[in-house]
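Below: a set of structures, written as structure tokens.
Look at the two complexes coming up: chain A is in both, with chain B in one and chain C in the other.
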Partner chain A sequence: MPQRSFHASRPFLLLGLILAGWLLVPTLVKRILSISFFELQAPVSVTASHVRDLQDFWSLRTRTRHDLIAAGRDLARLNASYEVTLQQTETLRSEVARLEALLRIPTLPGYRSEPARIARRDFNAWWQRLTIRKGRNYGITVGSPVIFSGGVVGKVAEVHAYTAVVDLISSPTLRIAATLEGDSRPLSFQGGNNPAFGPARGIVDYVPTDASASAVSPRRIVTSGLGGVFPAGLFVGEIIRLETSTDGLFKTGEVRLDSRLSELTEVTVLVPERAD
Partner chain B sequence: MPTSSTDRSGSLVETHHGYNPRLLVFHGLLALACLAVAAGLAYQQLIKTNVYHDLERVQNQRRVLTPGPRGNIYDRDGRLLVGNRPRFSVTLNLDELRGEFRTEFLKIRRAYRESDDRNLPSSAELEQIARFTVVQRYLDEVNRRLGRTETLDGQALTRHFRRQLLLPYILVDDLHPDEYARLLEQLPVASALQVYTTTARHYPFNSAAAHTLGFVGLASLEDSPTVSLPGDELKTFAMKGSVGRDGLELYFDEILQGETGGTIYRVDPAGYRVNPPLVRRLPVQGRDLVTSLDIDLQLAAEAALAKLELPAAAVMLAVDSGEVLALATKPDFDLNATSPRIAAETYQQIDAAGGWYNRSVKGIYPPGSAFKILTAIAGLRAGTLDPEATVNCEGVYRVGRRLFPCHDGHAHGPIRLAQAIEVSCNVYFYEQGLRLGAERIAEEARRFGFDRPTGIELPFETKGMLVPDAAWKKRFIAQRKLPADQQAIEERWYDGDTANFSIGQGYLLVTPLQMASFAASVARGETRTQPSLIHDPTRRLSPSDPIGLNPVARAMLLRGMEDCVISPHGTARILNSPALKIPDLRIAGKTGTAQVATPAGTRNLAWFICFAPVDRPEVALAVMVEGDTPGEEFAGGRYAGPIARDVLKAWWDKRRSTAAQALHSSAAASTARAAQEPDPTRSDTTP
Partner chain C sequence: MRRTLIFFLTQFLLWVLLSQVNHELTPWGIALFFGGLFVGFSALHFERREALVGAFAAGFLHDVGTPLPFGTHAVVFAAAVIFLQHVRHRLNRHEGLITVMVILIANLGLFLAVSAVAARLLPDVGGFTSRVFSDLIASQLTLALVAPWFLALQSKTLEIAGLSAPAEPRPRSYP
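Coming up: the complex of A and B.
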């Protein structure tokens, strides 16, 4: 009878021993194991991402020739407009360089653009984090700003050998020093508590009291460049509600983020050149 | 073979032999003891539950009070005179660092032990070192991000830890917007380091109306009446709030004071916070105040006063409402230097320059010849003064054995009321004063309220104003406890006293604000003007006693006052010079020059009171300049007159510009209406 009860409790004993053993393992070892686990998991995510890309490729192959010609034509037009914008940007850059030389202002450190595909985005943290398919192998550093064609995506939070984790702009853990477009006074933007699959919202604070915005006439906010992380002028979102704070000093409000943030497939990491 | 239990085990086996009466006592005692315990428990649990609940609350809960921002102060046109500016600081929530403090403590202790140091600090000292080290680490982080070199005050940290653990500890105060933006973006959201915002008073016009607006000082919120958060009995941590210390900030403190908010937290036995808060109430901004001041006129008055670089005051009132349009005093101080707190050195500098003293409402001075208007009104009402009758001015006037000179020492010859006002003839008013008697002059002065504070909405308005008479002099001399024979001589009211009194000299003391109220009352033909610093567009003064002059007498009085400005012999003729004349504005004024004896010698005072326009008065003004150049002619017309002129000019220009704008708007509206109306000359061809 005692022999039988010992057998019955053996799994629990084993589990207890494992847990006790894990508790005794040094923190450094645990950390290494954790990183190793993530790094080992990374190829799976990357492979899955490649498979999705392949799937997209084959789904595009099913399009008719007519569709592809039309898409090619649209792209050609878009490229032409970008060419013009690029030329204007080049002119402005050279003007800025001339003025900097004239006024003897040190040139601000620039950024290197690093396009990256999205490798993974968990449903339970849809508006908080995503994983991109580039990491230390492309010189990406923690804290680098991440953008897409619609403005700010977020900030690199973790960098691994072949992947990096990005804190999204819609996450409450991300805060940006922004400004109203056309204004120079800094305000604070912070991601909201957004449920997965719902529209993404953010919160603004320290908005000057003379500013006004509503859902009908929203105000665009852009990065201020004062925070030292994001370059100035990147689109953050639109303020759709503002109300005066109880202390009467500022206004606080709600920000509507770009809806395309929910369907990102590719982003660009701005790697600070100084960090290279 | 045993047959019963006794047989088997002998007497060792416990058996019941029925009820044992000896045990009854113990049962009873036991029952009583149980009852006592149960009763005690019931008493503690049921009856005293509230007491213990309160004790538990007091022990386990802490209250943190946050001040509500003060209300704003505006001028009559809605321009901000006093507001709040944000003050950004980077703070450290010490109660979130308990783990770090403990780790650091162990690390430091281990280091001491490993080094075999015999001077191992005590546990309390080690805790302090650990706290300092951790906080310094955070400060280094902030310094690195901001490029600053701030240092940590160990004593302040210890004090904060002991007394205000639940309040954020300010590491760096008064951040520039660029700096706070940098920290916002670079500090993790969940860090113990946070950017914290408080408010400080902000004065967009710096020193303008400094004495009137007043300033605030830091004060503990614990005794604030605006705390609406429950838990008075709890240990309270209060952030510093602000209370009015002077001026409108003090007088209307209850209105301007914001509603204090706060939070009640549960804390663990070590005093560290356990989130989330049990009660949270947001602070609410105080109510706004719209003053009667017109900042344009205030600035004009201050600029005019500043030209002389002498102590001076100027008060401008709206005649119809008594609203104060400008209340200026020099020297003054920059209000922004008082916010959020004034440095001791700055305080001393302002004090040494006499900048704290609000001469308009606290300064008491003899009004000099500006008082002759009151003497004239008293004489006209009493019938002792005939405006058409002449008095011969020979340059001096004999009263008893003493010769009283006319104001400029020249003989004016036969002179009537209007001319006497115009040239400010002392002899004329000595004569009229003596005919009238000091009692009647004093009575008239009391009728105009010269014997009491005006009641303006400012703290510390002086009560030292004085309308002297024989009874007062007797009391005053009696207080000096002189020898009996000397007292008998000095306590008498002499004709010389009356002569001095009739020209606004001697014992008479008034404030510049009282003189402005007097000028407004004369302009309106009444006896009282209640000055007010609160703007109310619908305000009309409650009528006071009429001045009591017949139209002819009043016309003569006004003519004398207008001639004072426009006549070539008028004492304020400087205002009619091409450089200073205000086109199309008729001014009725009266100059005054008085002397006061001070420990440093005789001090001259220059006065000018006036109202304008003469035919339909809208504003009244009093200007007083304290001179420091004895021997020099310090006439009111020469020194105080141009200041009044500058303020009147600013008012007149603004009034005309506002009228022109209104006309333009009205014309534009008429044109727009006309354009919308159908043209009757055009036939409507619409089918």
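Coming up: the complex of A and C.
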């Protein structure tokens, strides 16, 4: 009888041994395994994204000349408006530099923009991550902010040889210091629930009690610049619901994020420039 | 060794296809999980050591690039293999329908186990239940359609490589 119970429990003893063995495996070995498996997957994901780009290219080739002329015209208009914005930015930049010199205040951190195509999107209930086609080979560093035309995308979580993994703002694993647009008081944003068949949501904490927002009159939130990761003023999302927190000192609420986040194909990584 | 390697190639193919499908599904807010399919065939037909190597390899494929500690999926997959090998002598595992049913049940267990680990290790912001439930339903329905094809693919690949006869363990007899 004892022998029979030993036979019956042997697999679970083995499982316990495997678990204990895995916990005892040195971190270095785990790190080597992790890097090896990632670099094994990376070429496949990158190739697949190149194939998708090729598909897009050939589908665009089917467009008529009329469409191309219209797109060219729209692009020329957009370029003209960007030229004006660029001139204004340059004027403002020199003004900032003059004031910094005059007031002897430290220079704001600078960023180098690094556009990158997306190789793979990995979104589930627990995390939302992107793999981009640029990594250490383009000087991308862990913690670099990632943006797109609609505002903040997320933050670089892992950097590999030719790819990098980005944590999206919709991912509960990411927290950002933000403010209400036009207000300087900081609040905390965290990725939240990502329902099926709907846009991603986030949550805000520590919202001042005098703030109000609803689905019909949402309040925009932008990055605060605190924490030194994201530059100030980048759009994060819109608060669509606010309620007083349990302690009554602040408000908490729900944030609607840009629906384009789930179908991104290209992002820009802001690589911090070194002071030297 | 050769069989393990060829088996891993089929697992890698499944991972590639699954990751591409999940990539395309992101605008709909659905993610598929096929953990049961990665371990099912090896757990039902291979020797323990080979099946465990397969489970760890598949687990590592799932582990990289996630915020979970490296090895989480691998250990959960290994647990599934050990459990399935423990009960396989009671099943008619050469029957396709039975195999698919076992894989579906294994997938359900693995999905819940990984979700439990993620819920414990990652920040909890609440309201995940509906998303987890919809992912699970979508995964199980798709898996029921895909499993027969993938099992046939694995079986045929091993057959082409001249390794079609997985070790047939003796039925366990207790004293």
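Here are some notes:
The rule is short, and it goes like this: the second predicted complex is superposed on the first by the 238 of 276 C-alpha atoms of A that agree within 3 Å, B and C clash if a C-alpha of one lies under 4 Å from a C-alpha of the other, contacts with A are read in each partner's own complex, and residues count from 1 in each chain.
Operating definition for what follows: a contact is a pair of C-beta atoms (placed from the backbone, for glycine too) under 8 Å apart; a residue touches a chain by one contact, two chains touch by 3 or more.
None of these values were measured; they are calculated from a predicted model.
In the superposition on chain A, A:172 makes contact with both chain B and chain C. Applying the stated contact rule after C-alpha superposition, one finds that A:263 touches chain C and leaves chain B untouched.
Ranking chain B and chain C by residues of chain A touched puts C first. Legend: residue contacts after superposition of the two complexes on their common chain; A:190 is shown touching both chain B and chain C. Residue contacts after overlaying the shared chain place A:224 against chain B, while chain C stays out of touching range. By the document's definition of touching, of the two partners only chain C reaches A:129; chain B does not. Once the two complexes are laid over each other on the shared chain, residue contacts for A:15 go to chain C alone; chain B is not touched. Of the two partner chains placed by superposition, A:54 touches none, neither chain B nor chain C.
Of the residues of chain A, those at positions 172-173, 190 touch chain B in one of the two structures and chain C in the other. Taken together, the chain C residues at the contact with chain A in this complex read 12, 15-16, 19-20, 22-23, 26-31, 33, 48, 52, 60-61, 63-67, 70-71, 74-75, 78-79, 82-83, 85-86, 115, 118-119, 122-128, 130-132, 134-135, 172, 174-175.
Contacts from chain A toward chain B in the complex involve residues 172-177, 185-186, 188, 190, 206, 224, 226-230, 246-250.
Interface of chain A with chain C (complex): residues 3-4, 7-8, 11-12, 14-15, 18-19, 22, 25, 30-31, 33-34, 37-38, 40-41, 44-45, 48, 120-127, 129, 131, 157-158, 165, 167, 171-173, 190-198, 200, 203, 262-263. In the complex of the two chains, the chain B residues touching chain A come out as 68-69, 72, 84-86, 145, 177-178, 180-182, 184-190, 197, 199, 258, 261, 282-285.
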